[in-house]
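Can you read through this structure? Questions will come right after.
Should a chain be cited, it is by its letter among A, B, C, D and E, assigned in written order, with residues numbered from 1 in that chain.
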Amino acid sequence: MFEAIAFYLFAALTIVMFTITVMTSQALYAITAMAAGMIFISAFFFILGADFLGAIQIIVYTGAVMALYAFGMMFFDTTRDVVEKRTNPQIVFVLGVLAAIMVVAIFVAPVVSNNIQALYPIQENIGNSQAVGMVLFTKYLVPFELAAVMLLVAMIGGIVLAGKKMDKSLTLMNEEDILSMDDGFEPQEGGH
Amino acid sequence: MIDHILTLLIFFPALAAMLGFVVANNSMRAYGIAVAFIEFALSLWLWYAYDPMVSGMQFMESAPLIAAFGINYLLGVDGISLFIIILSTFFTLIGIASLTETRRIKNLIITLLFLEMTMVGVFAALDAIVFYVFWELSLVPMLYIIGAWGGPLRIYASVKFFLYTFTGSLIMLVGMLFMAYFYYQATGQWSFSILEWYRLILPENFQLWLFAAFFFGFAIKVPMFPFHTWLPYAHGQAPTIGSVILAAILLKMGTYAFVRFSLPLFPDASVFFMFPIAIIAIIMIIYTAMVAYAQEDIKQVVAYSSVSHMGVIILGTFALNVEGVSGSVFLMLAHGVVSGALFLLVGVIYDRRHTKLMSEFGGLASVMPRYATIFGIMMMASVGLPLTINFVGEFLSLLGFYKQSHMLTLTAGVAIIVGAIYMLAAYKKMFFGTVTNDANRHLKDVNRTELIGLIPLVIVAIWLGVYPKPVLEPINNSVESVIQLMHDKAQSAEAKARIPDLSGKNGITTMQEAH
Amino acid sequence: MEITLTHYLVLSSILFAIGLIGVMRRKNLLMLFFATEILLNATNVAFAAISHYIGDLSGQMFAFFIIAVAASEVAIGLGLLIVWYKRTGKIDLDQMNSMRG
Amino acid sequence: MELYLYIALFAPLVGSLYASLFSRSPKSQHVGIVASGLLFTSFVSSAILLSYVMGGHTVHTEMMTWIAAGDLYIPFGFVVDQVSVVMMMVVTIVSTVVHVYSIGYMDHDKGFNRFFAWLSAFVFSMMVLVMSDNFAGLFIGWEGVGLCSWGLIGFWYHKESATWAANEAFIMNRIADLGMLIGIFLIYWNTGSLQYDVVFAEVGNLQIVVVTWIGIFLFIGAMGKSAQFPLHTWLADAMEGPTPVSALIHAATMVTAGVYLVVRANPIYDLIPNVGIFIASLGAFVALFAASMALVNRDMKRIIAYSTLSQLGYMFVAAGLGAYWVALFHLMAHAFFKALLFLGAGNVMHAMHDELDPFKMGGLRKVMKGTFIMMTLASVALAGIYPFAGFFSKDLILEVGFVEHHYVIYTVLLVTAGLTAFYSFRLVALIFHGEERYKLFGIHPHEAYKFMLVAMSPLLVLAMIAGAFKMTYFQLVMNLLPATQYHIHSQTTFWIMTIGTQLFVIAAILFAYKKYANSGVSVPDGTSKMENSFVYKLLWNQYYIPKIYDEVFSKPYAELSRIAWKQIDLKIVDATVDAIANGIYKTGENTRHIQNGNLSSMLRWMVVGLVVLMTLAVAFSVGYNVVGA
Amino acid sequence: MLEPIHVSLASLNIATLAPMLIAIVGALTMLVIDMAKGGLHKSLYVMISLLFLLLDLGALVDFGGVFLKNGTVLGFFDVMLMDGIAILSQIIIVAGSMLFIPLALTSKRFHEYDYPEYFALFLFMIAGFQFMVATDNLILIFVGLETASLALYTLIALHNRSKSFEAAVKYFTMGALAAGFYAFGSMILYAISGSVEINQIATILAEDHYSNIGYVLLSMAFMIAAFGFKLSMVPFHTWTPDVYEGSSAALAGYMSIVPKIAGFVVAMRLFEFLVHSGIVWLQVILYIGVVVTMTASNIWALVQTDVKRMLAYSSISHAGFVMAAILIGTTQANTGLFLYWALFSFTNLGAFTMLWVNRQKNLLPEQSSDHPYEKFSGMIKTMPMGAVMMGLFMLSLAGVPPFGLFWGKLYMIGSAVSAGYTVLALIMALNSAIAGYYYLKLIVFMFMKEPMVGYEKFYFMNASLSLKTIIGIAAVGTIFAVFAVNPLLKVITLFVYNSGY
């Protein structure tokens, strides 16, 4: 019963929050609702016993991602009302609703399967984080390491793109201009 | 060397063309003539070494190319292809020798030599894919020749030429793949060898579809009505050399392919489609002859006349008996010689006046008597006068088809009337009457360069009209084996009846036995 | 009233649809990125739920990696937006139409 | 004997090639002499062959293979037998005469050498035609004479009318040649050969319907060459050529090839008397038809041409009724006097500076005595007055008609005989008698060269005495042709008929003289009552047939051609192809805005794609569950 | 309490990671070098990249030998899957990268090559692709895909023109949406099978007799959308022309080859078992998708005025053509896919390199894009070799024999025919014909028109020895492809067949 109440409550809350996120024209509202929605989602994770995931959700999403977005908002000066030219809003909603209906139409039928076996069963006696750790560092070691690489890529990419060097474009400059430039433009040592 | 003479024949011009990049511009023509001459001599040697009594493939060469997919580098000639190869080398030689083009001659000659490679390749190939490779590749040099040296509409014409034929041959390619697949199903091995395919006996409904697929490729190339409209543009815009090669050789690829592929592979379908195709052929003959009559441009007249004559060739091919098919193969050569010569002749006058409109001329017979004489001879050959090369082919083609249908042959025979009408009318407009246009008053008669090209053609046109035996005999022998193969393979009673059985005759070997 | 997997799946799809609407509707790139986050979050909910209902950890793993991916995307996405913004002073996608046809 | 055969055959070819070597040089007398000499050689060889054949032998030789494909075997084979040798004689005699004559006639022509090249080539083709031992060889000659005829009619190519006539002749002949070709095909597929001997041996075993078709198609070929109705118009127009050409080709030799064909193919026609009747009827019709047009014509050469046509009709009557030897006999006799007539006309033309209207002549007998005598005698022969050649051959045809009980044909031919006499002597009278109307035009006529007259004299002799050889000839050809003697059984009837005919003809001649030989000939100027009569106009306009052909065939053909090109080829066939290409291109143009570069719409397209996929997924899974597969 | 897990090192098969690790180590090496001493010339990084890629390739070839001897190798708890198609595709990926990376050695300076990070990211991207193809775990596929994509977005943007930013942003945004699709699709698969490994999913679904058909189809809808984006199927293709236009020609060429082959392999793993399961829906959808992709992109390519955009659409069309292999699903077809792509990479390499060679930095006043057709007009007169080369590549792309792509087309159409997809084979053939037009258009401009004043100096603007060498390699590969086809076919068939595809 508690579970049901919690589910419906948080479901309603996330839906509302995310709806605000996509519908509002106030960037500030959007990001706030977004952050709230993220936190509410972590509530589902806790309800479902995925404690580790819930924690990650709050830390990564609400902490890191939202912080980045907030930074971005300030950088782009979008704290005011966002003016967006709406083109064919009906199509957007029709498509969205259609998508939802289609998916739901399939999902209302319960999954029937006799062959689903938990390959990495959740054991009741141990904590979720430990279990996750076990799987993560055995079976999912390679994806995990690759995720690290991915984050490195993201980091490098983010830094490179946002770096000062991008302000000038060798791609567009004439050869003469490049040569006449002082060598200070050459990649500076360890400058990231 | 004789073992690899076909490879030599195919790749010698290409190799020479590559080397030609080094040759200086002003010496290029001499180089081209030399190469073409050597090639022609080689092809004559091929003829010399060819045994006319053997009906099967000779000088066969085989090397694996894509063995995993059954594609082999398989070459060989029989009486059907031998002479078309010689015609190709002959016309390349004549074309280069009588070349009057001066713009970027180096590129032109290199292109021509590449074109020669593809032409010889098409006729020597016995593997469908090798055949297809050369078949398609021949479009490229021609595209360049038309597009770079042609008239004002050259780009439209060349692109139309390329895309039209390209489309058709892609459908044909699907057909070829189907054939190979059938072979695979039957034997568990992939093969694109035509000779291997000959051994397949296909169910009739498959034959019909495959026939149709091949038909598209061939018909557009021939070109058969209603796929012919690229031809007038191509001819109209092409430089003389382009038209000559196009008419003399490239069009023959289509008709040759009918004999090489459609007939022996699909005997039942050939019989089934005989009448529809004959009707198309008749439309080609009469309708295009009428269109030719209405032309104002002498080159277009010759172009449409080509289509008209190709109709007779098609008709002969689908006579499905030795007389008709031999005749049509012979007519391929004949038409090559005659239409090639006519295009050369048109080129002569175009070089002088830079116009091809017949209304610009008149009374040329008195200004350029030699030119008028040669033109007259070639015109009469085109009209199909006995003792000229065309007659033998036309006579045999029509004779052959008469066996199949009286009424249709009677209708097709109108060719000899309508052909005379447009040709004589054009000749009259060009050569008869008095000189009314002052620009024509002091035209020079054909010069030596042009005669070098024209005289051999006149000689051939008459020689083979009077004494076709050296050519007709090997053709006949090879055609007999094709017909016998068709008869043996035919399943339906109608096909059995329509394709004569030659097994009683001496010296007939079927294609299978020959290999 | 028991909450079954279907409930979660339906919720997930509704959230996903909201995300889709956002993706289609937003012209401001930053806010468009919000919508893509919603898409991934919607999936995460479903993954966690499935994981829970069939008692298998793989779903949670997937969700975990999705979060990682989402975080990386933000970094690159914002980086791109910054250079774009530096160049044009706008982050409205209607301004991005130098290539078409 | 084969040597003589080859000499007879190839001497003209050598002459032609020799002449063509000089075709671009200015006039050189030796060309004419050499060509004539070679022709004479050919004539001598033919004569030797004739004597050989008269000894009861024939020469049959095969020079080489021409076409061999499948079962078809066509050699260059030649046969000199009783029929072909007669033709050879006719051809070589007339052509030798014409060659010699032409040396004088073409004296001032720039194309002298070219003329001999063509003329000898023609003789060669004609020899091939008559000597060939198979239908294909015949066809070679058949087409060859057509070609030479084209070249010679259009010899003065600067004249529009000449070239037009040349093309007309060629094309009309081609129409008939198609029939001939089909006939050959029929023969081949039914007998397996084209050799005369094989075919004629085999033809009896064929179904009669097949033989009928063979006969019809071959006759269609003959109709073109021999200018039978409805393919007759080219012959009159062919008079645009130089007159020796008209004499040789369009009177004596080529136009009779059709008759020769029917005679040669007599084993075929013997089997199909119905076709024979048709041939005879058509012949009779043409005889009358052509004669009627000759009545009013004002062109000297055309009158003679119509007369030729009319006489060809006679020959076909004989051939059609199975009297092949009679046809061939008339062919021979006709060749002599008609060639003579033409050559005489040529002299007149020379004298009159190419004037052709006899109404502008008159009284020429004073200055052209030789020509006058020759033409008069030739006309007498043509009219069939005893004892000239025409009497023997033409009367015989009348008798054949009578004996075979074809009285209608007989009557027609009889009337025609009268008409023939009338128009022949109308011409003679207008040219040579009466007042000298030419003076009005300031012309000073003169007689032709002596040697030309000398050259013509053999023809004159033959025209006069050929009838005497009737029995020799009959003995000769009866080896090959059905040896039916056509005798009217009752002596009385025979005499009545013969004398009656003679009287009738003489009456016609006298009438013509009376009307046109006196000095007061009224030159038709379109005012007289007669000229405005319907019949006159009909005849004057050649029954409007050329006009009808022009309106019904030529113009519509040109128009149809134009439509085929402009409307069908360009606007339908080609446009369809272009439309497909353009359609594809236009589709691209019209849909490229999907790629409008706007990120938002790109994203929407992705969602659209997804939704479509999902919709299909749902639809399918519902269907799947319903069907329960 | 949690049991300790004993893992033996041998069972991990660390070697399966070796190829990717080499690439990652290479990238890290470059970062370290840059850290130690900045301002080094790009040629150093190019060569280092080449060296590591060479090692990578060596490792893969070695693996190929192992595979042929021992069959598929699994590693790391069966996450790594080194089967034939994984090895093949990695070889194509690495070899393709090796051919493209020297394109950085232009004679002009471009912004991205002044970054050592560019090369590091390049290698990371390759590693990402390698991971993507060398597993059947949806998670690793996802992470690998994202690694590669994120690196690629950055590489595009580093070209540093507003068009390249625009391209990167568009690509990124659509990629994010596609990632959402992928995640959602995987989720549904997970829901019905409880597994995220394609093999197991296949097994479980088969055991269930596809009773959750709706779920399966829905997941496939999402997956097709996701991979449709990656493989640029219509209507998920819209990024392609813009991104190609915005990126440097070298990178555009790269994008037309390498990411696609990775996508194909995953699509093959994912869809193949469903194609064979007899689910008509998938066949229908793929059929429609293939045909629409081929045809529509061809038609749009017709109307392009810029060669690069034309090539972009053409590469969409080629991708559609190759997608047919997945629909057909026979060994022959899958072999054809790899063969086609190997040959395609050579030709496309040549074509894009030619564009790269005549890239000019500043547009002329009347010039609307980097590579309008007019730029090439009359090239035969001013730069004959260049024109011949470009013509060659165009002919090959058009499928004119005997040039490279013809053999690919032949084999693909052949596989369609032998699998009974006759109509598809015809459509493929006809599409090649339509495609002929736009390739021909360039040839027409090069060979048949007069040179435009002002353009001639651009033809070889950017050429350097290494670029010319690459063009030469591409040309040789294109012309003499026929001799390579047989060995290629044999090897590929062996690999593909033994992988069970």
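One rule holds in what follows: contacts are C-beta pairs under 8 Å (C-beta built on N, C-alpha and C of every residue); 3 or more make two chains touch, one makes a residue touch a chain.
Bear in mind that the values here come from a model prediction, so they are computed numbers and not experimental data.
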Any chain in contact with chain D as well as chain E: A, B, C
Relative to chain D, chain with the most remote C-alpha centre: A
B-E or A-D - the one linked by more C-beta pairs in contact: B-E
Centre-to-centre distance between chain C and chain A (centres being mean Cα positions), rounded to whole Å: 6
Whole-Å separation of chain centres (CA-atom averages), chain B against chain D: 36
Chain C and chain E: spacing of chain centres that average the CA atoms, whole Å: 26
Where chain C and chain D are represented by their mean Cα positions, the distance between them in whole Å: 95
Residues of chain A touching at least two other chains: 91-92, 95-96, 99, 102-103, 105-106, 111, 116, 118-119, 131, 139-140, 143, 147, 150, 153-154, 157, 160-161, 166
Residue list for chain E, restricted to those that touch at least two other chains: 139, 143, 146, 150, 153-154, 157, 169-170, 173, 177, 191, 194-195, 214, 217-218, 241-242, 303, 437
Residue numbers of chain B (touch at least two other chains): 163
All pairs of touching chains, each written as two labels joined by a dash: A-C, A-D, A-E, B-D, B-E, C-D, C-E, D-E
In the complex with chain B, residue positions of chain D that touch it: 23-24, 64-72, 136, 139-140, 143-144, 147, 150, 154, 157-158, 160, 163-164, 166-167, 170-171, 174-175, 177-178, 181-182, 184-186, 188-189, 557-558, 560-562, 564-566, 568-569, 573-574, 576-577, 581
Chain D contact footprint on chain E (complex, rising order): 169-170, 173-174, 177-178, 181, 213-214, 217-218, 220-222, 224-225, 228-229, 234-236, 238-239, 241-242, 280-281, 284-285, 296, 299-303, 434, 437
Chain E-touching residues of chain D, taken from the complex the two chains share: 581, 584-585, 587-589, 591-592, 594-595, 597, 599, 601-603, 605-610, 613-614, 616-618, 620-621, 624-625
Chain C-touching residues of chain A, taken from the complex the two chains share: 1, 3-4, 7, 11, 14-15, 18-19, 21-23, 27, 30-31, 34, 37-38, 41, 44-45, 48-50, 52-53, 56-57, 60-61, 64-65, 68-69, 71-73, 75-76, 78, 82, 84-86, 89, 91-93, 95-97, 99-100, 103-104, 107-108, 110-111, 116, 118-122, 128, 131-132, 135-136, 139-140, 143, 147, 150-151, 153-155, 157-162, 166-167
Complex contacts: residues of chain D adjacent to chain C: 592, 595-600, 603-604, 607
